[in-house]
Amino acid sequence: MTTETDNAAFSWPVRVYYEDTDAQGLVYFANYFKFMERARTEWVRSLGIEQDRLLEEERRCFVVASTDAQFIRPARFNDQLQVTVRMLRRTRVSFLIEQDIFRDDELLCSGTVKVAYIDSDTHRPARLPQMLSEGRET
Amino acid sequence: MTTETDNAAFSWPVRVYYEDTDAQGLVYFANYFKFMERARTEWVRSLGIEQDRLLEEERRCFVVASTDAQFIRPARFNDQLQVTVRMLRRTRVSFLIEQDIFRDDELLCSGTVKVAYIDSDTHRPARLPQMLSEGRET
Amino acid sequence: MTTETDNAAFSWPVRVYYEDTDAQGLVYFANYFKFMERARTEWVRSLGIEQDRLLEEERRCFVVASTDAQFIRPARFNDQLQVTVRMLRRTRVSFLIEQDIFRDDELLCSGTVKVAYIDSDTHRPARLPQMLSEGRET
Amino acid sequence: MTTETDNAAFSWPVRVYYEDTDAQGLVYFANYFKFMERARTEWVRSLGIEQDRLLEEERRCFVVASTDAQFIRPARFNDQLQVTVRMLRRTRVSFLIEQDIFRDDELLCSGTVKVAYIDSDTHRPARLPQMLSEGRET
(Lines give C-alpha, C1' and ligand atoms only; values in the text may rest on other atoms or scores of the structure.)
Protein backbone atom coordinates (compact mmCIF):
# COMPACT_ATOMS: atom_id res chain seq x y z
CA MET A 1 0.00 0.00 0.00
CA THR A 2 1.14 3.55 -0.62
CA THR A 3 1.29 5.88 2.31
CA GLU A 4 -0.59 9.05 1.41
CA THR A 5 -3.22 9.83 3.99
CA ASP A 6 -6.46 11.74 3.73
CA ASN A 7 -7.41 13.24 7.02
CA ALA A 8 -10.76 14.66 5.99
CA ALA A 9 -13.38 12.57 7.72
CA PHE A 10 -16.79 12.12 6.12
CA SER A 11 -19.63 11.66 8.63
CA TRP A 12 -23.10 10.11 8.24
CA PRO A 13 -25.97 9.95 10.76
CA VAL A 14 -27.51 6.60 11.73
CA ARG A 15 -30.50 6.12 14.01
CA VAL A 16 -30.72 2.88 16.02
CA TYR A 17 -34.02 1.02 15.50
CA TYR A 18 -35.31 -2.17 17.12
CA GLU A 19 -34.03 -4.15 14.12
CA ASP A 20 -30.46 -3.20 15.12
CA THR A 21 -30.63 -4.31 18.75
CA ASP A 22 -30.60 -7.68 20.50
CA ALA A 23 -31.88 -9.23 23.71
CA GLN A 24 -29.00 -7.74 25.69
CA GLY A 25 -30.72 -4.40 25.05
CA LEU A 26 -27.83 -3.06 22.95
CA VAL A 27 -26.90 -2.86 19.29
CA TYR A 28 -26.02 -6.35 18.02
CA PHE A 29 -22.29 -6.33 17.31
CA ALA A 30 -22.47 -7.41 13.67
CA ASN A 31 -24.83 -4.53 12.91
CA TYR A 32 -22.09 -1.94 13.54
CA PHE A 33 -20.56 -3.26 10.31
CA LYS A 34 -23.82 -2.43 8.52
CA PHE A 35 -23.73 1.09 9.94
CA MET A 36 -20.16 1.46 8.69
CA GLU A 37 -21.18 0.33 5.22
CA ARG A 38 -24.05 2.82 5.08
CA ALA A 39 -21.61 5.64 5.81
CA ARG A 40 -19.12 4.20 3.29
CA THR A 41 -21.81 4.07 0.60
CA GLU A 42 -22.78 7.69 1.25
CA TRP A 43 -19.14 8.74 1.25
CA VAL A 44 -18.62 7.07 -2.13
CA ARG A 45 -21.81 8.77 -3.35
CA SER A 46 -20.44 12.12 -2.13
CA LEU A 47 -17.47 11.52 -4.46
CA GLY A 48 -19.90 11.19 -7.39
CA ILE A 49 -20.02 7.38 -7.58
CA GLU A 50 -23.41 5.62 -7.74
CA GLN A 51 -22.73 1.94 -7.12
CA ASP A 52 -25.84 0.62 -8.87
CA ARG A 53 -24.75 2.24 -12.15
CA LEU A 54 -21.20 1.05 -11.60
CA LEU A 55 -22.44 -2.53 -11.27
CA GLU A 56 -24.83 -2.40 -14.23
CA GLU A 57 -22.83 -0.30 -16.67
CA GLU A 58 -19.23 -1.16 -15.86
CA ARG A 59 -19.61 -4.52 -14.08
CA ARG A 60 -17.49 -3.25 -11.22
CA CYS A 61 -18.17 -3.39 -7.50
CA PHE A 62 -16.56 -2.87 -4.13
CA VAL A 63 -16.06 -5.81 -1.79
CA VAL A 64 -14.84 -5.94 1.77
CA ALA A 65 -11.52 -7.80 1.78
CA SER A 66 -10.97 -7.60 5.52
CA THR A 67 -12.24 -5.68 8.51
CA ASP A 68 -11.71 -5.32 12.23
CA ALA A 69 -13.54 -3.48 14.96
CA GLN A 70 -13.24 -2.70 18.64
CA PHE A 71 -16.50 -2.35 20.53
CA ILE A 72 -15.70 0.22 23.20
CA ARG A 73 -19.08 1.26 24.57
CA PRO A 74 -22.49 -0.05 23.55
CA ALA A 75 -25.03 1.86 21.46
CA ARG A 76 -28.66 1.49 22.54
CA PHE A 77 -32.10 1.47 20.98
CA ASN A 78 -33.12 4.92 19.72
CA ASP A 79 -29.59 6.37 19.88
CA GLN A 80 -28.60 8.87 17.20
CA LEU A 81 -25.11 7.98 15.99
CA GLN A 82 -22.54 9.48 13.65
CA VAL A 83 -20.38 7.18 11.53
CA THR A 84 -17.17 8.51 10.03
CA VAL A 85 -15.02 7.50 7.07
CA ARG A 86 -11.35 8.42 6.86
CA MET A 87 -9.01 7.29 4.11
CA LEU A 88 -5.84 5.70 5.53
CA ARG A 89 -4.09 4.20 2.49
CA ARG A 90 -4.80 3.22 -1.08
CA THR A 91 -3.35 1.24 -3.92
CA ARG A 92 -4.53 1.08 -7.51
CA VAL A 93 -7.08 -1.60 -6.73
CA SER A 94 -8.00 -1.23 -3.06
CA PHE A 95 -8.14 1.21 -0.17
CA LEU A 96 -8.02 1.03 3.61
CA ILE A 97 -10.30 3.28 5.65
CA GLU A 98 -10.88 3.93 9.30
CA GLN A 99 -14.47 4.10 10.47
CA ASP A 100 -15.53 5.36 13.89
CA ILE A 101 -18.98 5.41 15.44
CA PHE A 102 -19.85 8.18 17.87
CA ARG A 103 -22.79 9.09 20.09
CA ASP A 104 -22.29 12.82 20.60
CA ASP A 105 -18.59 13.05 21.49
CA GLU A 106 -18.34 9.53 22.83
CA LEU A 107 -16.49 6.95 20.72
CA LEU A 108 -18.47 3.69 20.75
CA CYS A 109 -16.80 1.64 18.06
CA SER A 110 -13.67 1.96 15.96
CA GLY A 111 -12.72 -0.15 13.00
CA THR A 112 -10.83 -0.40 9.76
CA VAL A 113 -12.09 -1.78 6.48
CA LYS A 114 -10.00 -2.85 3.50
CA VAL A 115 -12.14 -2.46 0.40
CA ALA A 116 -11.16 -4.07 -2.89
CA TYR A 117 -12.48 -3.00 -6.26
CA ILE A 118 -13.29 -5.94 -8.51
CA ASP A 119 -14.79 -7.01 -11.79
CA SER A 120 -18.15 -8.43 -10.73
CA ASP A 121 -18.02 -11.21 -13.35
CA THR A 122 -14.45 -12.44 -12.97
CA HIS A 123 -13.94 -11.28 -9.34
CA ARG A 124 -10.49 -10.03 -10.41
CA PRO A 125 -9.04 -6.76 -9.08
CA ALA A 126 -9.98 -3.68 -11.10
CA ARG A 127 -8.41 -0.22 -11.17
CA LEU A 128 -10.14 2.16 -8.74
CA PRO A 129 -12.24 5.02 -10.13
CA GLN A 130 -10.20 8.23 -10.35
CA MET A 131 -12.30 9.86 -7.64
CA LEU A 132 -11.03 7.31 -5.16
CA SER A 133 -7.48 6.80 -6.37
CA GLU A 134 -6.63 10.50 -6.40
CA GLY A 135 -5.10 11.85 -3.23
CA ARG A 136 -7.24 14.26 -1.26
CA GLU A 137 -4.77 15.29 1.42
CA THR A 138 -5.87 17.99 3.83
CA MET B 1 -56.35 -20.58 -7.42
CA THR B 2 -57.42 -24.18 -7.56
CA THR B 3 -58.65 -25.78 -4.41
CA GLU B 4 -56.69 -28.97 -3.85
CA THR B 5 -55.15 -29.08 -0.43
CA ASP B 6 -52.10 -30.85 0.84
CA ASN B 7 -52.37 -31.56 4.53
CA ALA B 8 -48.94 -33.06 5.01
CA ALA B 9 -46.96 -30.51 6.99
CA PHE B 10 -43.20 -30.31 6.56
CA SER B 11 -41.35 -29.19 9.69
CA TRP B 12 -37.89 -27.64 10.14
CA PRO B 13 -36.02 -26.78 13.37
CA VAL B 14 -34.77 -23.25 14.01
CA ARG B 15 -32.69 -22.13 16.98
CA VAL B 16 -33.04 -18.52 18.17
CA TYR B 17 -29.69 -16.70 18.38
CA TYR B 18 -28.91 -13.16 19.56
CA GLU B 19 -29.01 -11.98 15.93
CA ASP B 20 -32.74 -12.81 15.86
CA THR B 21 -33.78 -10.89 18.98
CA ASP B 22 -34.27 -7.22 19.80
CA ALA B 23 -34.07 -4.92 22.82
CA GLN B 24 -37.51 -6.03 24.01
CA GLY B 25 -35.81 -9.37 24.76
CA LEU B 26 -37.86 -11.27 22.16
CA VAL B 27 -37.51 -12.35 18.54
CA TYR B 28 -37.77 -9.26 16.30
CA PHE B 29 -41.06 -9.60 14.41
CA ALA B 30 -39.62 -9.36 10.88
CA ASN B 31 -37.26 -12.25 11.64
CA TYR B 32 -40.13 -14.74 11.88
CA PHE B 33 -40.44 -14.25 8.12
CA LYS B 34 -36.80 -15.34 7.77
CA PHE B 35 -37.50 -18.45 9.84
CA MET B 36 -40.46 -19.24 7.58
CA GLU B 37 -38.29 -18.88 4.50
CA ARG B 38 -35.63 -21.21 5.90
CA ALA B 39 -38.30 -23.89 6.39
CA ARG B 40 -39.73 -23.15 2.92
CA THR B 41 -36.29 -23.54 1.36
CA GLU B 42 -35.73 -26.87 3.09
CA TRP B 43 -39.22 -28.04 2.10
CA VAL B 44 -38.48 -27.22 -1.54
CA ARG B 45 -35.15 -29.03 -1.19
CA SER B 46 -36.98 -32.06 0.23
CA LEU B 47 -38.96 -32.12 -3.04
CA GLY B 48 -35.69 -32.36 -4.96
CA ILE B 49 -35.35 -28.71 -5.96
CA GLU B 50 -32.04 -26.89 -5.40
CA GLN B 51 -32.75 -23.19 -5.89
CA ASP B 52 -29.19 -22.17 -6.75
CA ARG B 53 -29.17 -24.54 -9.74
CA LEU B 54 -32.64 -23.39 -10.70
CA LEU B 55 -31.44 -19.79 -10.79
CA GLU B 56 -28.20 -20.49 -12.65
CA GLU B 57 -29.33 -23.17 -15.09
CA GLU B 58 -32.96 -22.29 -15.76
CA ARG B 59 -33.08 -18.58 -14.79
CA ARG B 60 -36.06 -19.28 -12.58
CA CYS B 61 -36.69 -18.28 -8.99
CA PHE B 62 -39.36 -18.09 -6.33
CA VAL B 63 -40.49 -14.71 -5.04
CA VAL B 64 -42.84 -13.84 -2.21
CA ALA B 65 -45.89 -12.14 -3.75
CA SER B 66 -47.68 -11.50 -0.47
CA THR B 67 -47.57 -12.64 3.12
CA ASP B 68 -49.32 -12.16 6.43
CA ALA B 69 -48.60 -13.26 9.97
CA GLN B 70 -50.14 -13.20 13.40
CA PHE B 71 -47.72 -12.97 16.31
CA ILE B 72 -49.47 -14.90 19.06
CA ARG B 73 -46.80 -15.46 21.69
CA PRO B 74 -43.20 -14.28 21.62
CA ALA B 75 -40.19 -16.50 20.99
CA ARG B 76 -37.12 -15.78 23.12
CA PHE B 77 -33.36 -15.97 22.84
CA ASN B 78 -32.11 -19.55 22.82
CA ASP B 79 -35.55 -21.09 22.11
CA GLN B 80 -35.68 -24.16 19.91
CA LEU B 81 -38.52 -23.71 17.42
CA GLN B 82 -40.21 -25.80 14.75
CA VAL B 83 -41.43 -24.15 11.57
CA THR B 84 -44.00 -25.93 9.42
CA VAL B 85 -44.98 -25.69 5.76
CA ARG B 86 -48.41 -26.77 4.54
CA MET B 87 -49.64 -26.40 0.96
CA LEU B 88 -53.02 -24.67 0.84
CA ARG B 89 -53.60 -23.96 -2.86
CA ARG B 90 -51.69 -23.77 -6.11
CA THR B 91 -52.01 -22.56 -9.65
CA ARG B 92 -49.67 -23.19 -12.58
CA VAL B 93 -47.44 -20.28 -11.60
CA SER B 94 -47.83 -19.79 -7.84
CA PHE B 95 -48.76 -21.47 -4.60
CA LEU B 96 -50.15 -20.47 -1.24
CA ILE B 97 -48.77 -22.09 1.91
CA GLU B 98 -49.49 -21.87 5.59
CA GLN B 99 -46.50 -21.62 7.91
CA ASP B 100 -46.72 -22.02 11.66
CA ILE B 101 -43.99 -21.58 14.26
CA PHE B 102 -44.09 -23.69 17.40
CA ARG B 103 -42.10 -23.95 20.63
CA ASP B 104 -42.91 -27.48 21.78
CA ASP B 105 -46.70 -27.66 21.38
CA GLU B 106 -47.25 -23.94 21.73
CA LEU B 107 -48.18 -22.00 18.59
CA LEU B 108 -46.20 -18.74 18.55
CA CYS B 109 -46.78 -17.41 15.06
CA SER B 110 -49.04 -18.33 12.16
CA GLY B 111 -48.86 -16.95 8.65
CA THR B 112 -49.52 -17.55 4.99
CA VAL B 113 -47.18 -16.91 2.10
CA LYS B 114 -48.10 -16.63 -1.57
CA VAL B 115 -45.06 -17.63 -3.59
CA ALA B 116 -44.81 -16.85 -7.30
CA TYR B 117 -42.46 -18.61 -9.68
CA ILE B 118 -40.84 -16.23 -12.13
CA ASP B 119 -38.27 -15.88 -14.87
CA SER B 120 -35.40 -14.13 -13.10
CA ASP B 121 -34.54 -12.02 -16.17
CA THR B 122 -37.98 -10.86 -17.30
CA HIS B 123 -39.72 -11.19 -13.90
CA ARG B 124 -42.67 -12.79 -15.74
CA PRO B 125 -44.60 -15.73 -14.27
CA ALA B 126 -43.17 -19.16 -15.10
CA ARG B 127 -44.75 -22.59 -14.89
CA LEU B 128 -44.03 -24.29 -11.55
CA PRO B 129 -41.70 -27.30 -11.47
CA GLN B 130 -43.66 -30.55 -11.63
CA MET B 131 -42.66 -31.43 -8.07
CA LEU B 132 -44.61 -28.44 -6.81
CA SER B 133 -47.52 -28.36 -9.24
CA GLU B 134 -48.43 -32.00 -8.69
CA GLY B 135 -51.00 -32.70 -5.99
CA ARG B 136 -49.71 -34.44 -2.90
CA GLU B 137 -52.96 -34.88 -1.01
CA THR B 138 -52.87 -36.93 2.15
CA MET C 1 -61.96 -1.50 16.65
CA THR C 2 -63.54 1.91 16.37
CA THR C 3 -63.93 3.40 12.94
CA GLU C 4 -62.43 6.88 12.97
CA THR C 5 -59.90 7.33 10.22
CA ASP C 6 -56.89 9.54 9.96
CA ASN C 7 -56.07 10.29 6.34
CA ALA C 8 -52.94 12.31 6.95
CA ALA C 9 -50.06 10.15 5.78
CA PHE C 10 -46.64 10.52 7.39
CA SER C 11 -43.73 9.78 5.05
CA TRP C 12 -40.11 8.79 5.78
CA PRO C 13 -37.20 8.33 3.34
CA VAL C 14 -35.26 5.05 3.24
CA ARG C 15 -32.19 4.37 1.11
CA VAL C 16 -31.58 0.76 -0.01
CA TYR C 17 -28.09 -0.51 0.90
CA TYR C 18 -26.43 -3.85 0.13
CA GLU C 19 -27.51 -5.13 3.57
CA ASP C 20 -31.15 -4.89 2.41
CA THR C 21 -30.83 -6.86 -0.82
CA ASP C 22 -30.43 -10.54 -1.67
CA ALA C 23 -28.93 -12.70 -4.40
CA GLN C 24 -31.94 -12.10 -6.66
CA GLY C 25 -30.61 -8.53 -6.89
CA LEU C 26 -33.67 -7.03 -5.17
CA VAL C 27 -34.67 -6.03 -1.65
CA TYR C 28 -35.16 -9.17 0.46
CA PHE C 29 -38.89 -9.40 1.20
CA ALA C 30 -38.64 -9.48 5.01
CA ASN C 31 -36.63 -6.26 4.96
CA TYR C 32 -39.63 -4.24 3.74
CA PHE C 33 -41.04 -4.87 7.22
CA LYS C 34 -37.93 -3.24 8.69
CA PHE C 35 -38.40 -0.22 6.42
CA MET C 36 -42.01 0.04 7.60
CA GLU C 37 -40.93 -0.05 11.22
CA ARG C 38 -38.36 2.70 10.68
CA ALA C 39 -41.11 4.95 9.28
CA ARG C 40 -43.45 3.90 12.12
CA THR C 41 -40.80 4.78 14.71
CA GLU C 42 -40.25 8.20 13.16
CA TRP C 43 -44.01 8.80 12.95
CA VAL C 44 -44.37 7.99 16.65
CA ARG C 45 -41.42 10.31 17.35
CA SER C 46 -43.14 13.06 15.34
CA LEU C 47 -46.05 12.72 17.79
CA GLY C 48 -43.66 13.42 20.66
CA ILE C 49 -43.09 9.84 21.80
CA GLU C 50 -39.53 8.58 22.38
CA GLN C 51 -39.77 4.81 22.71
CA ASP C 52 -36.57 4.35 24.69
CA ARG C 53 -37.88 6.61 27.47
CA LEU C 54 -41.25 4.92 27.29
CA LEU C 55 -39.61 1.55 27.87
CA GLU C 56 -37.29 2.69 30.66
CA GLU C 57 -39.55 5.10 32.52
CA GLU C 58 -43.01 3.64 32.01
CA ARG C 59 -42.22 0.00 31.14
CA ARG C 60 -44.43 0.26 28.08
CA CYS C 61 -43.68 -0.76 24.51
CA PHE C 62 -45.28 -1.28 21.13
CA VAL C 63 -45.41 -4.76 19.64
CA VAL C 64 -46.55 -5.92 16.23
CA ALA C 65 -49.63 -8.11 16.74
CA SER C 66 -50.15 -8.93 13.08
CA THR C 67 -49.06 -7.69 9.69
CA ASP C 68 -49.57 -8.35 6.01
CA ALA C 69 -47.92 -7.06 2.88
CA GLN C 70 -48.26 -7.28 -0.87
CA PHE C 71 -45.02 -7.05 -2.83
CA ILE C 72 -46.07 -5.35 -6.06
CA ARG C 73 -42.82 -4.32 -7.72
CA PRO C 74 -39.30 -4.91 -6.44
CA ALA C 75 -37.03 -2.26 -4.94
CA ARG C 76 -33.38 -2.46 -5.94
CA PHE C 77 -29.97 -1.70 -4.47
CA ASN C 78 -29.38 2.05 -4.15
CA ASP C 79 -33.05 3.01 -4.63
CA GLN C 80 -34.35 5.97 -2.66
CA LEU C 81 -37.75 5.02 -1.21
CA GLN C 82 -40.51 6.75 0.71
CA VAL C 83 -42.41 4.83 3.37
CA THR C 84 -45.79 6.12 4.53
CA VAL C 85 -47.85 5.65 7.69
CA ARG C 86 -51.60 6.17 7.69
CA MET C 87 -53.85 5.50 10.69
CA LEU C 88 -56.77 3.27 9.77
CA ARG C 89 -58.40 2.37 13.10
CA ARG C 90 -57.63 2.42 16.80
CA THR C 91 -58.89 1.07 20.08
CA ARG C 92 -57.74 1.98 23.59
CA VAL C 93 -54.88 -0.52 23.45
CA SER C 94 -53.97 -0.97 19.79
CA PHE C 95 -54.06 0.65 16.38
CA LEU C 96 -54.11 -0.48 12.77
CA ILE C 97 -52.06 1.42 10.20
CA GLU C 98 -51.51 1.18 6.49
CA GLN C 99 -47.93 1.46 5.27
CA ASP C 100 -46.99 1.93 1.65
CA ILE C 101 -43.54 1.97 0.07
CA PHE C 102 -42.96 4.13 -2.99
CA ARG C 103 -40.10 4.78 -5.41
CA ASP C 104 -41.02 8.16 -6.84
CA ASP C 105 -44.72 7.73 -7.69
CA GLU C 106 -44.54 3.99 -8.11
CA LEU C 107 -46.11 1.84 -5.38
CA LEU C 108 -43.76 -1.07 -4.62
CA CYS C 109 -45.23 -2.56 -1.47
CA SER C 110 -48.42 -2.08 0.52
CA GLY C 111 -49.16 -3.48 3.93
CA THR C 112 -51.05 -3.10 7.16
CA VAL C 113 -49.69 -3.45 10.66
CA LYS C 114 -51.69 -3.96 13.84
CA VAL C 115 -49.66 -2.56 16.71
CA ALA C 116 -50.50 -3.38 20.33
CA TYR C 117 -49.35 -1.33 23.29
CA ILE C 118 -48.25 -3.48 26.20
CA ASP C 119 -46.67 -3.51 29.63
CA SER C 120 -43.16 -4.75 28.92
CA ASP C 121 -43.01 -6.77 32.16
CA THR C 122 -46.42 -8.47 32.16
CA HIS C 123 -46.99 -8.34 28.37
CA ARG C 124 -50.59 -7.25 29.12
CA PRO C 125 -52.39 -4.63 27.01
CA ALA C 126 -51.86 -1.04 28.17
CA ARG C 127 -53.81 2.10 27.38
CA LEU C 128 -52.33 3.98 24.39
CA PRO C 129 -50.60 7.34 25.00
CA GLN C 130 -53.01 10.23 24.42
CA MET C 131 -51.04 11.35 21.35
CA LEU C 132 -51.98 8.11 19.62
CA SER C 133 -55.47 7.54 20.97
CA GLU C 134 -56.73 11.01 20.02
CA GLY C 135 -58.36 11.33 16.61
CA ARG C 136 -56.45 13.37 14.06
CA GLU C 137 -58.99 13.41 11.24
CA THR C 138 -58.20 15.51 8.21
CA MET D 1 -3.65 -12.88 28.25
CA THR D 2 -2.19 -16.20 29.26
CA THR D 3 -0.74 -18.36 26.57
CA GLU D 4 -2.24 -21.82 26.89
CA THR D 5 -3.76 -22.99 23.63
CA ASP D 6 -6.60 -25.35 22.94
CA ASN D 7 -6.23 -26.91 19.53
CA ALA D 8 -9.48 -28.87 19.51
CA ALA D 9 -11.73 -27.15 16.97
CA PHE D 10 -15.48 -27.29 17.39
CA SER D 11 -17.41 -27.22 14.10
CA TRP D 12 -21.02 -26.24 13.32
CA PRO D 13 -22.92 -26.45 9.99
CA VAL D 14 -24.56 -23.36 8.51
CA ARG D 15 -26.69 -23.30 5.37
CA VAL D 16 -26.76 -20.07 3.32
CA TYR D 17 -30.29 -18.77 2.69
CA TYR D 18 -31.47 -15.76 0.66
CA GLU D 19 -31.54 -13.69 3.87
CA ASP D 20 -27.75 -14.05 4.09
CA THR D 21 -26.91 -12.87 0.58
CA ASP D 22 -26.85 -9.50 -1.15
CA ALA D 23 -27.26 -8.07 -4.65
CA GLN D 24 -23.69 -9.06 -5.57
CA GLY D 25 -24.99 -12.64 -5.42
CA LEU D 26 -22.77 -13.57 -2.47
CA VAL D 27 -23.03 -13.73 1.32
CA TYR D 28 -23.17 -10.17 2.70
CA PHE D 29 -19.90 -9.62 4.57
CA ALA D 30 -21.41 -8.69 7.94
CA ASN D 31 -23.40 -11.92 7.97
CA TYR D 32 -20.26 -14.02 8.32
CA PHE D 33 -20.06 -12.58 11.84
CA LYS D 34 -23.55 -13.95 12.51
CA PHE D 35 -22.46 -17.38 11.28
CA MET D 36 -19.48 -17.22 13.62
CA GLU D 37 -21.72 -16.36 16.54
CA ARG D 38 -24.06 -19.26 15.81
CA ALA D 39 -21.10 -21.64 15.98
CA ARG D 40 -19.82 -19.89 19.12
CA THR D 41 -23.21 -20.26 20.79
CA GLU D 42 -23.34 -23.97 19.97
CA TRP D 43 -19.78 -24.44 21.17
CA VAL D 44 -20.64 -22.81 24.49
CA ARG D 45 -23.74 -25.01 24.66
CA SER D 46 -21.55 -28.07 24.03
CA LEU D 47 -19.63 -27.07 27.19
CA GLY D 48 -22.87 -27.19 29.15
CA ILE D 49 -23.65 -23.47 29.19
CA GLU D 50 -27.13 -22.26 28.23
CA GLN D 51 -26.87 -18.50 27.75
CA ASP D 52 -30.55 -17.71 28.39
CA ARG D 53 -30.32 -19.25 31.87
CA LEU D 54 -27.02 -17.50 32.47
CA LEU D 55 -28.63 -14.15 31.67
CA GLU D 56 -31.79 -14.72 33.70
CA GLU D 57 -30.38 -16.55 36.70
CA GLU D 58 -26.89 -15.12 37.07
CA ARG D 59 -27.19 -11.80 35.20
CA ARG D 60 -24.12 -12.66 33.19
CA CYS D 61 -23.57 -12.53 29.45
CA PHE D 62 -20.90 -12.72 26.79
CA VAL D 63 -20.15 -9.68 24.67
CA VAL D 64 -17.87 -9.28 21.68
CA ALA D 65 -15.06 -6.92 22.68
CA SER D 66 -13.32 -6.92 19.33
CA THR D 67 -13.24 -8.94 16.15
CA ASP D 68 -11.51 -9.11 12.80
CA ALA D 69 -12.05 -11.15 9.67
CA GLN D 70 -10.47 -11.78 6.31
CA PHE D 71 -12.84 -12.60 3.49
CA ILE D 72 -10.83 -14.93 1.29
CA ARG D 73 -13.40 -16.44 -1.09
CA PRO D 74 -17.11 -15.71 -1.25
CA ALA D 75 -19.85 -18.04 -0.04
CA ARG D 76 -22.95 -18.21 -2.24
CA PHE D 77 -26.66 -18.76 -1.86
CA ASN D 78 -27.48 -22.35 -0.90
CA ASP D 79 -23.92 -23.25 0.10
CA GLN D 80 -23.47 -25.62 3.01
CA LEU D 81 -20.73 -24.24 5.26
CA GLN D 82 -18.84 -25.37 8.35
CA VAL D 83 -17.87 -22.84 11.00
CA THR D 84 -15.15 -23.70 13.48
CA VAL D 85 -14.26 -22.43 16.94
CA ARG D 86 -10.75 -22.78 18.35
CA MET D 87 -9.61 -21.36 21.68
CA LEU D 88 -6.46 -19.26 21.32
CA ARG D 89 -6.04 -17.58 24.71
CA ARG D 90 -7.99 -16.82 27.85
CA THR D 91 -7.86 -14.70 30.94
CA ARG D 92 -10.15 -14.84 34.00
CA VAL D 93 -12.70 -12.56 32.32
CA SER D 94 -12.31 -12.98 28.56
CA PHE D 95 -11.13 -15.33 25.85
CA LEU D 96 -9.83 -15.06 22.32
CA ILE D 97 -10.97 -17.56 19.71
CA GLU D 98 -10.24 -18.21 16.08
CA GLN D 99 -13.19 -18.90 13.83
CA ASP D 100 -12.89 -20.21 10.28
CA ILE D 101 -15.59 -20.76 7.70
CA PHE D 102 -15.20 -23.58 5.19
CA ARG D 103 -17.10 -24.87 2.17
CA ASP D 104 -15.89 -28.46 1.94
CA ASP D 105 -12.11 -28.08 2.31
CA GLU D 106 -11.98 -24.54 1.01
CA LEU D 107 -11.33 -21.76 3.55
CA LEU D 108 -13.68 -18.85 2.79
CA CYS D 109 -13.29 -16.65 5.83
CA SER D 110 -11.00 -16.52 8.83
CA GLY D 111 -11.38 -14.35 11.88
CA THR D 112 -10.71 -13.91 15.54
CA VAL D 113 -13.14 -12.83 18.23
CA LYS D 114 -12.32 -11.53 21.68
CA VAL D 115 -15.25 -12.32 23.94
CA ALA D 116 -15.65 -10.66 27.33
CA TYR D 117 -17.80 -12.01 30.12
CA ILE D 118 -19.73 -9.29 31.92
CA ASP D 119 -22.37 -8.55 34.51
CA SER D 120 -25.38 -7.65 32.39
CA ASP D 121 -26.54 -4.96 34.83
CA THR D 122 -23.25 -3.19 35.59
CA HIS D 123 -21.45 -4.14 32.35
CA ARG D 124 -18.37 -4.88 34.50
CA PRO D 125 -16.09 -7.84 33.79
CA ALA D 126 -17.12 -11.09 35.48
CA ARG D 127 -15.14 -14.25 36.13
CA LEU D 128 -15.60 -16.81 33.34
CA PRO D 129 -17.56 -20.01 34.06
CA GLN D 130 -15.23 -22.85 35.00
CA MET D 131 -16.08 -24.73 31.80
CA LEU D 132 -14.48 -21.93 29.81
CA SER D 133 -11.65 -20.92 32.09
CA GLU D 134 -10.30 -24.43 32.47
CA GLY D 135 -7.59 -25.45 30.05
CA ARG D 136 -8.56 -28.05 27.48
CA GLU D 137 -5.21 -28.60 25.76
CA THR D 138 -4.99 -31.36 23.20
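Here are a few things to note about the model shown:
We just call them A, B, C and D in the order they show up, numbering each chain from 1.
Methods note: contacts are C-beta pairs under 8 Å (C-beta built on N, C-alpha and C of every residue); 3 or more make two chains touch, one makes a residue touch a chain.
For clarity, every value in this text was computed on a predicted model and none was experimentally measured.
Annotation, subunit A versus subunit D: rotation angle of 180 degrees from the Cα superposition, expressed as a multiple of 5.
Relative to the C-alpha centre of subunit C, the farthest chain centre belongs to D. The distance from the centre of subunit A to the centre of subunit D, each centre being the mean of the chain's C-alpha atoms, comes to 23 Å.
Per-chain CA centroids place subunit A at a distance of 28 Å from subunit C.
Per-chain Cα centroids separate subunit C from subunit D by 34 Å.
Within subunit C, contacts with two or more other chains are made by residues 18-19, 23-24, 30, 34, 37, 55, 76-77.
Partner subunit C is touched in their complex by these residues of subunit D: 18-19, 21-26, 28, 30, 76-77.
Residues 15, 17-19, 34, 37-38, 41, 50-52, 55, 76-78 of subunit A are the ones touching subunit C in the complex.
Only residues 23-24, 29-31, 33-34, 37, 55, 61, 63-71, 74, 120, 123 of subunit B touch subunit C when the two sit together in their complex.
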